[in-house]
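Here chain A shows up in two complexes: once beside chain B, once beside chain C.
For the complex of A and B:
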């Protein structure tokens, strides 16, 4: 979403769904996984909205939807592409919105070639490195922006240099808060007739995504498809809005980012972004998964989506910012955000003379994600590991690879509530059973440190709608239980004490770090509010800042995360606000605090027409008040409050001054919503259907079977099933998909130890259709063994019509459903579904393909001990499974 | 209350004599029923909180008596959840106070066959030593081409999505200053 709209967060909030006229839930089983938020969908339905669920399985969500559309796992881009094709060929787009607020009129370069021209590849593909050079994807406008074509060369060079130096991945990483940047002003044709304008390029790109193709590829009958197409078109426009809701059913693919891009294109065409009852709602699965992305415990970004610097020759702070900041749009202020962060971290040591300690930041020179880390553990380069409330021995793809990594460490620190599988792998992991590992041969030193619960500490979570909510400490933690705030503060303090006096250059960043936080209570707990205040930041007078617009690049302000600036405005913890719902509108602006600037619907300038008037009374949200000379409405305007709708930026304007009065996407360099993404993605400017890495069918659209730039791991621990009719693929004829249940939580660390929840969902099972059960001789409530090239697991058999076999490309495809909560520890035990998955990833965000792969299913329990290895080896030989899955 | 009064309070008599012949309504109430109180009624304090499971962020009210959590309910004031909790949120009393929680540090030495006891302060000290030693042993100041790296690839961290923003902030700040770049969480999975 970052590349399309400018920020990676959900564009809206669940309670706003109650005002939708049509809700499409796809890639999510919302009623099961986010049941309390689902009440707002039911409110909408009670008011007459149409609710559509598109999913391989018939679930609790499908049961209460108006329409369930079963489709083949991994075919969503083709389905959504079909909807785009329908909108474009039927002329159902919201033309005024499209022309004014998106890049539909923008003209592309002459040398851009589409996947329709190159059989599944875009121009710029280098088969040797399997990378794209994105130069030809740029706008035409760059050329004419500077004198005599010199700028053109300069710009091409700039784009290419950035791509080579890892800036494109750096950009892709940073898309959580803002879109891509460019120099110059692009050319536009507002009649949308120019053959190289984005609108026409889009028409050609999706010309073959017809209802017939959707039927053949997704297994969705064309009447059913057309019912969806007509529902979203008739419920979009001035008077009506349609919302899309997704979860990890969209992100867990080698083309996951492009799934969401396809929905973004559709919602921009229909004019549903920035408007009440519209938008794209991303449903996330952990209490603060949004917060841990905004203030990232992620390798590729710094707080507020500032990219982690890559290793370059002679790169100082100015060059870093020049390489990544745009001249136009709010991201033009990246210098102020970065310097304020450096001031928060290194305080008085950070001065203009030393580049504000920019050199203290470590540098990247390639991906350093969790799967690369595990490979490093197996190879012996990663020696020490902290696991903080995460259980990869159950929860990560190819769980065995995770355990092999853990078993090869020098030391491991596990912080959790109970002895999870990642803490006990050396004692009772599956490899101990098979004899592959023996406890006395595992040299890993393990520290298990019990963690404090949310009731035992102060702090804030950022939820799925970008809302920060404070939870207050109710009681002191017991025994050795401590908060992670306590652990990291005191660990840091101790390391600094031990290193005090060191003259070693490598110790300067840690010794010069600002690390003084007040502590309180009998356990010397650091004050969480003091930390939040640093996140918010302060000005030259030491007072808490009110907004990120106050940040400066001269070192006079400090701010730990610029997008959270304002959460402590007026020295008040805004995240602890709890004005009751009954005293507020449905937007509830005085409950907690949302980034940015407490805005609840992003890009809400688009809820008004270019002149600033609501598109309709029914859908009024934010509008221009001519008398007061400012924007007003139900929400905080996502716009400069007094910028007139008629404002035209002067020549040479920069940052927010370059955004016109009718440009709602203020984080984008041109203020537009991007149907086409010229910069910022590594796998193409438009979404294209590629088959999953493990698919039972060849790609019916292109010779290119898979995402050509996917990230794989060619390692012996990570073999993959042959795909798409390749020799050996018949060994794994079925598709499986993994999912969650309402009674359990992710890898089970917070649910499999709870008696109530364990009793409600006591056992691992697989869902199969009656036809597949008959074909493979599976007995209801009996056992089945599910096999891939990685390993085999067992599960109880649930035979149900909810798993409908689909007709795809003239043959029947069976799909198997597998919940992924269980593991060998806890009150209820079972095999982990993640044992079955290979590691192969989306190249933009390095997320693994967990939602579709191929398998075989046989009746009975799996073999025990070494016999399990023998079974898997037989399959591997039959399939001639090669290691890897990509570059 | 005399004998007659007490007898009148017996559910079986009330059922036989009164209009509630099936004994599923008012007749089922006894003096003991009348004395029963929900755990929430006797709490000294109610603390506002947020559900720790998924990212919907349902409001919770934590009932505390004598320094212990006695009940966790949905917060009716929350505009996100309107007082509702799902099965997981409703089970958060077990999550926070259940017997499955391990309250002691556990230590497994290299090649060990079982857990051992370890003092928390000693554990923290040992971990600090491990970090310092591994960092020094695996430090990368420059790449071969001379560009500056200033980091260690010998230490990594995983997790953060279940933690508070403030905790993630201290983690990222400390790790970055130590040159630890392999920092990841559940957003990647």
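For the complex of A and C:
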């Protein structure tokens, strides 16, 4: 999303779906996982919209959709690519929108080579490092994105290995809020005829993604595919709009970012971005996940998607900003955002003379995502660990690897409601049963600290639509339960007390922090509103700021997260607003507060034509009012309010002044929606179908079977199943996919201890088709054992027609469904599906491939104790999987 | 609200405009109920959970039934809302229907459970609903076989009969029942019964017009065997598909005629006996 449009958030909000004419839900089981938001899909359906669900399984979403399209897990790029092919060959694109608002006319360099030319690789691939040099992906006549190659010369191993692509990785992470940066003005051919313009490159790139290929690769019959293609085309254009909805069914892949990119291309071609009833609705995995990337729990970004500086990479603040800020577009103001953040953290200690304490920020010297951290635990380089609302012992891919990491720590802090598996692995985890670990030999000191629930504390959730909603404490926490805010505030306070008076320079970043928050009540609970006010920021007079446009780079403003600036405007907690729906429009601007600047549909300038008039009365949303000389409409315009539609930037303009009056994608350096991404992604400027790392079939399109730059982990704990007809792959003939049910919450930490939820889904089960049950002798309500190269788990058997076998590449592919809610603890128990998964990741965002892998299924319960290891070892020998599993 | 209870005779079958009035409530508010539109149910079971949370109903055991996604099995003393899941191949052999329907006590116009209750634990409320008073019920169990839908049941280990109260306590505070409040898709609608019946008829027309030829209302007709249900349904298929009786009849409907026949039989018996004595005496 970030690379295509400029910001890494859903472009729309769920209530706007009610005005859609067609809704395609793919990579999401919205009715089950987002039932409250799903009310708007039902509302749209009641108004006559067509609802299409594309999913390997027939779910509760499919049950109420007009059309269910079953496809093979891991084949979505081919399906969406087929739709792009259809739009391009049928001339169904929204031409005026396409030419004016996207980079379709932009001309690429002569030396760019496509996957169609290089059998699955783009130009710039280095087989030795397995990384791309993205230089050839640039626009014709543009400056290269960053001279990263030179700057990397003196870097340590990781940075050197990453070489040019390393800087791009950092970029890709920062794409959460903005597009890539570049200098100069690209060449365009608005007739779209130039053979190297993006439009023509797209046509060639997707030329083989035909209905026949979709049938062969995805297992979707041609007629069904064409029904979808015709539905989205006939429901797009001036008068009508189509929305796409996705969730982790698209992100949990080694090509997850490119899944979303494919949808972005399709929606730009059809002119559905920035318009009511259109857009791409990204549904987040659980409460406030959007918030935890906006104000990140991630290693590689700072609040507001400012990239985390690299060691040696950016010597000082000026160099850091020069390297990552764009000359043009709103990202051109990164200096103001960064300095204001440093002022929020270090207050008066942050001064121009000391670079605003820029050197207090940590520096990255390598990837530090959750899976690298776990590898570090096993290797002994990571000694301590905080687990807060996270249960990796059953909730992360390759759960055994997670437990081996936990078992090799000095200390572990678990803050949760219940004694989850991550707190008890040392005495009753699966490795204790098999004899691989012995409690008396595990040195980890485990601290379990009970956590307060959201009803026991004030705070905000940032939900799926970038909407901040305040919640008030209803009751005091019981016993020793404490809020996370309490925990971190008082932990910080005690650490500062211990360090007080230290002359060690290393302690300065902690001692100089602004850490004065008012506390209240018998537990000395810090004021969450005071924290929100700091996040919002204040100006030279100490008053809360109203908008990020007020931020300055001279140190006169402080702001904890620039995209949240305005959430406390006028000294009022804007996130606590709750004006009822009946008293405002469907946009509900006075319910909570959405970033950026309370806009509900992003890029909404695109809801008007280049002249500023609505594309149609039916789809009017934001438009130019000539009399008032400003943009107006149902939402906060995502545009400078008084910039005339005819504004042409003068030569040499920078930041937002360089964005033309008809350029809706204001975070992008050229103001355009990007069909083609010249900079910012590490695995290619266009999406390409690669097979999942574990697939039962060879890639029918290219010799390149998998994403060539995927992130693997070649470790003994992490072997892979052979794939795509490789020797031994017949040992794992079936595809499995993991997912959630309405009745439980993620890995079960919040539901397996609740009787009213546990009784509704009381046991781990697998969903299989009657054909697979017959083939493997599985009895309904009996037991099945599911095996991968990692381990084997058991599950009760649910035989259902909802799991239909698919015809793929001339053979029948069976898919096995595995909900991942259970573990050994709680009221209801069962084996964890995450035991079966290997760790292999998308290279842009380091997210694991959890939605498809291969397995075998045999009847009966799994062996106990060491016999389980023997079973898995037998499979590994049969599959000839090397202990480290390769890349 | 000021209502008072008067005594009077209760009818046992047939259409009845005002069951609360019939039960002796004067100046009662309009009769309320549920319209459950199964065509928009997404099977989320929020109704089951909200009901238990509000009414403090205990869990019903942790059993994997594998009836599609249904693991509570049916309405019981400890499950007052129950979502049925029915997987059914489409008639044209192409594709699958997955029907979901949230079942609940019907709050019948003529409630046999109430009529047979010997202790007066079962009560017709001023809202026209039927409620068990847990402090009066003695666990005799007469109500259990009396219910034509198999709704009311005795709780194991407790013995008393339990069922949906239509959140009597919430109604008294002007709140809608917990299940309706929690339903995200408005599949469960609460309101005055007359309004709901109107709404249901127009909704049925919409659903049929969209191609669901076998859609129907169930329990909406005051001329049916229970005098119309206070909780009725829009179903997409025949009631049996959802596990509902096709033509429920209040089990007390025939009581008057049964008593009449019994009286005739007893009279005949007495007459016969008397004749025998008289004959013997001769």
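Keep in mind that, in the parts below, the second predicted complex is superposed on the first by the 857 of 887 C-alpha atoms of A that agree within 3 Å, B and C clash if a C-alpha of one lies under 4 Å from a C-alpha of the other, contacts with A are read in each partner's own complex, and residues count from 1 in each chain.
Please note the rule applied: contacts are C-beta pairs under 8 Å (C-beta built on N, C-alpha and C of every residue); 3 or more make two chains touch, one makes a residue touch a chain.
All values reported here derive from a predicted model rather than from experimental measurement.
S.K.: Considering only touches as defined above, state whether A:827 meets chain B (first), chain C (second), both or neither.
M.R.: both
S.K.: When the two structures are overlaid on chain A, which partner does A:742 contact: first (chain B), second (chain C), both, or neither?
M.R.: So A:742 meets both chain B and chain C here.
S.K.: Looking at the overlay, what does A:759 touch: chain B (first), chain C (second), both, or neither?
M.R.: The second partner, chain C, only.
S.K.: A:210 contacts which: chain B (first), chain C (second), both, neither?
M.R.: neither
S.K.: Quick one: name whichever of chain B and chain C touches more residues of chain A.
M.R.: Ranking chain B and chain C by residues of chain A touched puts B first.
S.K.: Mind working out whether A:780 is in touch with chain B, chain C, both or neither, as first, second, both or neither?
M.R.: second
S.K.: Which holds for A:549: it touches chain B only (first), chain C only (second), both, or neither?
M.R.: neither
S.K.: After superposition on the shared chain, which partner residues are touched by A:299: those of chain B (first), chain C (second), both, or neither?
M.R.: First partner only.
S.K.: With the two complexes superposed on chain A, say which partner A:39 touches: chain B (first), chain C (second), both, or neither.
M.R.: Both chain B and chain C are touched by A:39.
S.K.: Touch check for A:286: first (chain B), second (chain C), both, or neither?
M.R.: It touches chain B, and chain C stays clear.
S.K.: Is there a shared patch on chain A that both chain B and chain C touch, and which residues make it up?
M.R.: Correct list for chain A: 35-36, 39, 742-743, 755-757, 760, 827.
S.K.: Under the touch definition given earlier, write down the residues of chain C that touch chain A in their complex.
M.R.: Touch list, chain C to chain A: 40, 42-46, 48-49, 52-53, 58-64, 66, 68-69, 71-72, 87, 89, 95-100, 184-186, 206.
S.K.: Inside the complex, what are the residues of chain A that reach chain C?
M.R.: Residue positions touching the partner: 31-32, 35-36, 38-39, 42, 46, 58, 60-64, 68, 741-743, 755-763, 765, 780-781, 796-798, 800-802, 827-828.
S.K.: Note which residues of chain B are touching chain A in the complex, please.
M.R.: 45, 47-60, 62, 64, 67-69, 72, 76-82, 84-91, 94-96, 98, 100-115, 118, 120, 123-132, 134, 136-139, 141, 143, 145-151, 153-174, 176-189
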